[in-house]
Amino acid sequence: MLIPENTYINLYHDQRNQHLVRYERNKKFLTGYGVVLFPPDLKYGTPLKSESGYTFYALKPDTSRVSKKLKRQTTIVYPKDAGLILLELGIHSGSHVAEVGSGSGAMTLILSNMVGNEGRVYSYERREEFLNLARNNHTKYGLFDNVEFTLRDIAQEGFIDNAVDAVFIDVPEPWNIIHHAYKILNGGHPAGILSPNIEQIQESHRVMEETGFLRLRTFEIIKREIMVRRGKTRPRERAIIHTGYLLFGDKIEKIETETSNE
Amino acid sequence: MLIPENTYINLYHDQRNQHLVRYERNKKFLTGYGVVLFPPDLKYGTPLKSESGYTFYALKPDTSRVSKKLKRQTTIVYPKDAGLILLELGIHSGSHVAEVGSGSGAMTLILSNMVGNEGRVYSYERREEFLNLARNNHTKYGLFDNVEFTLRDIAQEGFIDNAVDAVFIDVPEPWNIIHHAYKILNGGHPAGILSPNIEQIQESHRVMEETGFLRLRTFEIIKREIMVRRGKTRPRERAIIHTGYLLFGDKIEKIETETSNE
Amino acid sequence: MLIPENTYINLYHDQRNQHLVRYERNKKFLTGYGVVLFPPDLKYGTPLKSESGYTFYALKPDTSRVSKKLKRQTTIVYPKDAGLILLELGIHSGSHVAEVGSGSGAMTLILSNMVGNEGRVYSYERREEFLNLARNNHTKYGLFDNVEFTLRDIAQEGFIDNAVDAVFIDVPEPWNIIHHAYKILNGGHPAGILSPNIEQIQESHRVMEETGFLRLRTFEIIKREIMVRRGKTRPRERAIIHTGYLLFGDKIEKIETETSNE
Amino acid sequence: MLIPENTYINLYHDQRNQHLVRYERNKKFLTGYGVVLFPPDLKYGTPLKSESGYTFYALKPDTSRVSKKLKRQTTIVYPKDAGLILLELGIHSGSHVAEVGSGSGAMTLILSNMVGNEGRVYSYERREEFLNLARNNHTKYGLFDNVEFTLRDIAQEGFIDNAVDAVFIDVPEPWNIIHHAYKILNGGHPAGILSPNIEQIQESHRVMEETGFLRLRTFEIIKREIMVRRGKTRPRERAIIHTGYLLFGDKIEKIETETSNE
């Protein structure tokens, strides 16, 4: 499987020496272990010797790896959370999704990869520098041309009117987005929120119930890495133990309360 | 958004009273809270009163919900694990994936949904009853006709020869599958293993290293549900706290060890 | 080591068949696996055959085991939490401790065991039935006669005036106890609170800061059991994953704010 | 409550500026926030102004705090683990305990504090530098003169013969200690092992079963700190997520297997 030029590969020596780098024929790339020369025909999985004699491999970068290497100015959505978000939001190839808070574009990329050519991601961001960052990251690493990046303060201006199958919200005041999300969501379809603080979730939960969301559910995901080594297998000692809480709910058509109709 | 006939909906009253049921016009469905009559035109999110006066809603079932409701004879891959598997295996719309151990088809469904019309899932199972179960679950709940179910003992017979972008292995002796997986994987692409016991992971880790996999990494995912209630917010007291370990590695072209010098 | 009469032993066959039972010479005790006859001289660790031929052992019950077997009408303090409470409250042999909310007496027992003959536990409870339960459990399983059980609503009436080295609070509205605890605590010494809900901790945290507590710290403890079995080692699948949050703070002499007004 | 001279206090300004320091009258102590002068009569909880105008408090150091501040050359037993060890080993005021692997003396101190004047801790260590370190830490921070430190390689030489109520083992090859521990333990009483790697636990588990221990149980304890802050309450992001596994078992008198009786 020849690697097309301008594709990003994971040039891997070991855990601490790996680089997400664009493949170009005859390019020289400087690693901490010497210069690696990219041959004119390169296949994934092929060993490459650096001038200093170290072996690197051209690996296909998985989504998790790309996420972690994004140029970023914000906290990214971590793979452990992104994975559950995909499933709780019912994302599939062909889904139409709105995202509020492009941030560095980590979740945008994941959504883009999953919905593919027949799907669509509408990614909104109110800070221009983040929007540009997210767009650049998508340009570099994205597989599909299916994202519309829009500079817009959803809390103030609401969404541009596209019906979507799912909304994902990752902003500091998610509760201000909820009634806007309600409007563009297809009935019976889910919205999801990621927030680091429990108060953000509590307030969003209250507003979701009020607005017309049902089946509310909140999760947190803890990921541990296990070091598998002969005779010395154990979880990694230090790790990220909290990123955020995930709140999901499904849009329903609210029934008028029957209390009075005089 | 009108629900097409024969689509499965999540008929939801509350957490304990929800049903994954096929929508048919004028069908009567018996719930624990009385019979619900499906109207000829039903939209997602619409409230439906049961004859006993309880309100149900026609919700779009998300992947996580469907997974949990599958008819099953095996332990299923849980959404918390499935999400990370998708990202570590670099799955996207259009991916070609092989799965060993169809089981009840939970992971098959998720893979099928993600790779879509342009992708392909090759799902292998050596026990006929599981294969039928997985196929039936896919027929009922799947969105895409992109899965090939094959009755085959991979450990004995190896794969049918299709080059794939990722392999997912969920069988009791995963180490017997690894060298077969190596053969059909595209170079630089990943294989993933899910196993409940640490010894399965240790042995698979050893065999992956031997066979030609690099960048080995092992994780476990713990999911907690948070009960968000006014003045009484807390994690759910009892939960599943272990499902399995996840081991991933990327195929490389092995270099001959330089020990010999013929 | 001969077991004194009237001591409680853990009569153990296996994990599912173990009994906390009072040893009396020549007593017959009915288990699910037949009657066990207690010999006149019994040593810890000795095997005893039931009439049906099953082997039981007379084990010394550890604190953790006793806790779990207490007759109870309330949620008990779990060993995983009790252990950290001991250390964060600086409990040692000889400590004087006040406890608010005797509950079923699980924590009372643990405190009593640790502070010993030279220490003192003042255990307050406002519901008579709980007080009696806690007292009975202490009478049965306690090692030291060092606990004063008092029926009293601390929120309303405050403590009986005994200076203590530590206060432990386990009631639904802990914030109402804090200023009372402040009065009886020795300066620079800690109070601790156990509550299941985050809002209880948030409100208590606010009141502790206001009242004159410093070095506030909040923890939660997750305990997993690992099933160690040849080739099948893994964490137990289902478990208690939340009991409560633990909040600690140290009493300081509050400085008058210097805003004051000549 | 006047602080006796030469007692260690926790001189506390805030989380990042706190010092475990010996109180002496009129001593000057240099902090990062200026010099603090200790008055001739100092009570716990009293505010002290540094020359630079910052307020410090003389707090009673709890066991958890002391543990973390020990001079150390080894990994210490963390309070979260120590707490459960106390309860699973049935430690109480008056217990006699043997410890193998004094290390830096963190667990020795905790055991010493709990068993008090009527109890006894036999702490063994085979490396002289660790033994001295542990002894010095006990001399500085211990409350009771109840520890016997002995330089001895238990795996080679076995214990000095004192019957004990509990044995705690924290060495790299715990399985070599188990049959020695069996000899000095009172029947029906527990031994406990702390090890970072699962293989150490698996091997120790096997040897314990063989040697005559029953009711084997293995745990791991995860502690999370919760940052309670108005509107921004959440678990701390990064933390220690693994220290070790805890294995416990109770000594029984082994029955001869009835297979042969020639």
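The chains carry the letters A, B, C and D, assigned in the order they are written, with residues numbered from 1 in each.
Following the convention adopted for this analysis, a residue touches a chain if its C-beta (ideal position, glycine included) is under 8 Å from a C-beta of that chain, and two chains touch if they have at least 3 such contacts.
Predicted model, so just to flag it, every value in this text is computed and none were measured.
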Steps needed, at minimum, to go from chain A to chain C via contacts: 2
Centre distance in Å when chain C and chain D are each reduced to the mean of their C-alpha atoms: 20
Euclidean distance of C-alpha centroids - chain A vs chain D, Å: 43
Numbers and ranges of chain A residues touching at least 2 other chains: 198, 224, 233, 235
Interchain contacts (touch definition) - all pairs: A-B, A-D, B-C, C-D
Chain B contact footprint on chain A (complex, rising order): 1, 9-10, 12, 15, 18, 43-47, 55, 57-64, 67, 79-80, 82-94, 110, 113-119, 143-144, 163, 165, 186-190, 198, 201-202, 205-206, 214-228, 230, 233, 235, 245, 247, 250-253, 255
Of all residues in chain A, those that touch chain D in their complex: 196-199, 224, 231-243
